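Written below as structure tokens is the structure these notes are about.
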Amino acid sequence: MPKIQTKRKRVKFASDNVAGACPEVLEAIIKANEGDSTPYGNDPISKDLQDKFSEIFEKEVIVFPTASGTAANALALSTMTPSFGNIYCHRLSHINLDECGAPEFYTGGGKLVTLNGIMGKLTPEELDQSIGGKGIVHHTQPSSVSITQVCETGEVYQLDEIKKIAEITHKHNLNLHMDGARFANALVSLNASPAEMTWKSGVDVLSFGATKNGCFAAEAIVFFKKELVGNTAFLMKRAGHLLSKMRFVSAQLDGYLENNVWLKNAKHANDMGKKLSESLNQHKDIELVYPTEANEVFVKFPRHMIENLNSNGYEMNDEDFEGKTVRLVTAWNTQQKDIDHLLETIEKTN
Amino acid sequence: MPKIQTKRKRVKFASDNVAGACPEVLEAIIKANEGDSTPYGNDPISKDLQDKFSEIFEKEVIVFPTASGTAANALALSTMTPSFGNIYCHRLSHINLDECGAPEFYTGGGKLVTLNGIMGKLTPEELDQSIGGKGIVHHTQPSSVSITQVCETGEVYQLDEIKKIAEITHKHNLNLHMDGARFANALVSLNASPAEMTWKSGVDVLSFGATKNGCFAAEAIVFFKKELVGNTAFLMKRAGHLLSKMRFVSAQLDGYLENNVWLKNAKHANDMGKKLSESLNQHKDIELVYPTEANEVFVKFPRHMIENLNSNGYEMNDEDFEGKTVRLVTAWNTQQKDIDHLLETIEKTN
Amino acid sequence: MPKIQTKRKRVKFASDNVAGACPEVLEAIIKANEGDSTPYGNDPISKDLQDKFSEIFEKEVIVFPTASGTAANALALSTMTPSFGNIYCHRLSHINLDECGAPEFYTGGGKLVTLNGIMGKLTPEELDQSIGGKGIVHHTQPSSVSITQVCETGEVYQLDEIKKIAEITHKHNLNLHMDGARFANALVSLNASPAEMTWKSGVDVLSFGATKNGCFAAEAIVFFKKELVGNTAFLMKRAGHLLSKMRFVSAQLDGYLENNVWLKNAKHANDMGKKLSESLNQHKDIELVYPTEANEVFVKFPRHMIENLNSNGYEMNDEDFEGKTVRLVTAWNTQQKDIDHLLETIEKTN
Amino acid sequence: MPKIQTKRKRVKFASDNVAGACPEVLEAIIKANEGDSTPYGNDPISKDLQDKFSEIFEKEVIVFPTASGTAANALALSTMTPSFGNIYCHRLSHINLDECGAPEFYTGGGKLVTLNGIMGKLTPEELDQSIGGKGIVHHTQPSSVSITQVCETGEVYQLDEIKKIAEITHKHNLNLHMDGARFANALVSLNASPAEMTWKSGVDVLSFGATKNGCFAAEAIVFFKKELVGNTAFLMKRAGHLLSKMRFVSAQLDGYLENNVWLKNAKHANDMGKKLSESLNQHKDIELVYPTEANEVFVKFPRHMIENLNSNGYEMNDEDFEGKTVRLVTAWNTQQKDIDHLLETIEKTN
């Protein structure tokens, strides 16, 4: 990509997308590469995914594998939001701040109505008060609600919180989308089942993230409410997201789900997140900003500490960081020595 | 993908996208998977691609790797076509018939003006006559021309043919796009240099295909006319095509270009195509429909021969095939025994 | 409008949109201007229109008045065509050539599949053969058919021709739109009832033109198939076509329909068209190109005759007219003396 | 419009769009209706408008007449906002709340970033802090700022307030749009010149409202920064807003501007607004919510007073009005007796 510059030398903790794929996912791709196969998702691996997901979610679901989370989110939202529709979401949500308008593009101009929530989560009360204007021709029409799990402040929606959001959503005849970019991390954090954290709590469509937690480029749109599937296959093709050799996306998901690799990876990342959080929290000059509930740690460092980290190869908030929150993310491949190195570098700050 | 059914058992020759990735590309992915790296194309492999492509094309180019050819085409066209613009293309072109309206989606409603051409190629005369209405507010505005190389009938545009199309295109102040889904096959067929077949002949933007010729999912938009780049990075992100672990797309292209793997693959596929074409052409009941100039063979089989092939596991035109043309495609991994098996199956038709 | 230049001095016959409004329509506006009224179409005149149209069409219809024909067409088509849908239409159709891509804009990227037809009309055979690819994810999806009545060559679809087009349309589960920019002229020409020329022949949605035939700026979308209405009200508002003082559009339609003003206007225009056509046809150097079936006359003049007309203030084909067809249009206000003046000017050509 | 129901009997004060056209505008239409004229804005009246507006604004401007304010706003914004762009506006702004997503439609998915402001106005400080993320591919890109004059709370931006907003806007290389739905009312209120209230204070493009202040359906997009005009003519045609008999929109503007009709109308409306405001303010149970600076009066009535008004034919906030603010609007045709009638009705509340 020509436009983007980087000076980052030590990307560890910058995000969980700096990690590569885990061995099991790589193996699955290598295995899928034997012989020829039918293109465009008509291969056996892609087909089997339907059953695999249905089993995991304890319900017959419809699954569309995609290569990016932004595509999964935007496509999912476009199935539940007309061009004149409102998507209610947190003001900090990835779909609002970090997808360069993908939901607007895919919905043909839908409006993201941003809510303040409490920390990173929507509240049912604010949501309920915000939904209005239904049937009045002057107003964009309430259509869908989107929550992020793990949410943008690293917190995890509890099951009853999801249920209450879903209740309000459905009371107004809207549909509920979950951006599960860190779905596995949330699941492990809650110690809940995939079914409990989704359709049993009222989620209608899920963006199932896998890239960050051990894949190369693999996500999936999971429809619990089948009547929403509609024209997804056409919209996906039309967006250039129906890959010809789709089997290699499906194979990643296959290797990811097999033998609970995904849950093991997430558990490891969460455990490392907890360790990192606790270690940092013990430092008198470092302030934890949000509770660490999965694999993201939000802290405030004093300025000279950030400068020291950056001069040692890390890159913490490139500009204007004073008073800003720094996010550190652990991944499936984070090791104790990575945490140690960070802490040591911090210690060296005088 | 839930919506699509298949009965295909022997996919060989169905397309070149039934093949997996070649060993060198797989190796490149495995290698890229070591350690962490900066996301969103800011990794070293992605950055090096700029130079690598510039070297291959003997000109400083701007390159955007993508995971699908439809995305590459639609994004490329959206940089040269406003929402009220005309894209002139062959009526059989992939962008017109096989991308479910992706160019229309990405351009925000651009119009594909379809030309008849001669066989699969546009002619400069028809193109010249079709372009009109510039500056008149009632008419969609002439904006871009798109040609496919190898074109949809398996023919290859000769260099002077490209030049003439480009001349007309530029005479009207439009821009020229080349859909190079089988770019390497055309290059080998013409025995031309990448520069000669593109910017030296007047091509402004190229969709550089690699998936079919040995990658998993890797294409690239190559800008020869830099002023067209414009907002491509934003449009790509907004479409969900800026993958977080972009290095794995770039790594494929890296392995593909290194040591002329791409040209070797294409030469092999073309050689196999020639063999297949000659073998079939010797059969008295089989009629060659278009000249075989790269790796696609278009033939007419008698009906009972198709039925025999299908009953032997092949799948040649599922329905209504009488009088229809069947396309057979060879790939980087096609072997002589595959051709022999096909011919033997044909021989068995009584 | 700053961008458009004109040298036209004698606009008579250039189109029927050069005429102003007829007295009855002007009266209706003046009357509607008394007192205040509810905005956005909630006024009594707008409401009464629903019944008025239902009576005229002998069926309960849903009507949306609009200020432009392009808006009526594009909105109508957007109710029956998804963003990945095909609209089948004549290659010469106004929606294809003269609306600067409005159908593509309103449908979010729909594709106009253009048919050759015979002269200006679609044929059921070509339509039938063109519709294909349903349910296949690679192809834009057949969605709607649009015919123009009076069509672009001045011919009028006969009732049985409409019926056959409708039959093919509905056989493929598509919907049929009629662009009735000159609806009244066609009606008078056929001596048919509004019901016969529309829903009784299979038309699902009509763009009811009135501007050209005696209004200032008034058209209407008329839904015979109510389930297509869908979100029209929102789409219209969102396009800026729900005028706040909508009563003045409705009042025009009211005055237009009252006392058969519309039919009288159209009859007059058609009669004048016939006279003009016959007069021109008698001239040995003038060739009638299409039969004159309503108020449009298509002729070929020799070049010097065109030059003479233009030098006398007319403006017949501004550029490159050799061998081109000139269209002359009569209107509700065309007078015998206008025809005489034209003929005299022609006579003066030496 | 079929979908919308009304019970309103006494629409006076409901809005200024309940009034018809003033006599001068009606006269201009009647006069423009004599004879034929060139369509699509190529008529003399439309052409003269360019000079007329340039004279009024003391600068050579480019003007596009439109039939609706929503169209004017959305078109104007689409010239300064790409599909991935941010429009900064007040959360209460008409473009955000009352145009059913028209800006999103016309920009192809632009994002309205809503600011809280102070009462109905944006503040330069909040605007300055909100603009960010330029050049970063993940974020929608800051593109334009839109303010409403008279703003949505009936307040008028002072010249120095506009200048400060413009300063911030231009500091970030964005463009400034003014939604002047009540432009004349603001002008009269400020006792400023059109130039002072627009380009001299930094406004780049203006939606010049005329409908509410004495026209039938006439607004205009006025470009002070000519390089923004771009493809407006095509975008307008494509949206169905280039009326064929455009001269009747232009004629309205002509009659409106001639002899300062527009300023006289606005002065009258503002005077009536002031009277209404003062009269209501004297009532001990009625609370003025915002200062009355033009022709809109925002008050809180006790519930039983609203009920009484409604039972006497007025319609003040149809539902859920407790604690809500009621807006009363005076117009060019409001008379003292209208105010008296309202006050008398209020007095009758026991």
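Descriptive notes on the structure:
In this document, chain identifiers A, B, C and D correspond to the written order of the chains, with residue numbering beginning at 1 in each.
The criterion applied here is as follows: contacts are C-beta pairs under 8 Å (C-beta built on N, C-alpha and C of every residue); 3 or more make two chains touch, one makes a residue touch a chain.
Predicted model, so just to flag it, every value in this text is computed and none were measured.
Compared on C-beta pairs in contact, A-D and A-C come out with A-D as the pair having more. Relative to subunit C, the chain whose mean Cα position lies farthest away is A. Between the Cα centres of subunit A and subunit D there is a gap of 42 Å. Rounded to whole angstrom units, the spacing between the C-alpha centres of subunit C and subunit D is 33. The distance from the centre of subunit A to the centre of subunit C, with each centre set as the mean of the Cα atoms, comes to 51 Å. Each of residues 1, 3-4, 40, 83-84, 99-101, 105, 108, 137-138, 233-234, 237-238, 242 in subunit C touches at least two other chains. Subunit A contributes residues 1, 3-4, 83-84, 97-101, 104-105, 107-112, 114, 135, 137-140 to its touches with subunit D in the complex. Contact residues of subunit A toward subunit C in the complex are 40, 82-84, 108, 137-138, 141, 231, 233-235, 237-238, 242.
By the touch criterion stated above, subunit A contacts subunit B in their complex at residues 1-6, 8, 11-12, 14-15, 17-21, 26, 29-30, 32-42, 46, 50, 62-75, 99-102, 105, 211-212, 216-217, 229, 233-234, 237-246, 248-249, 333.
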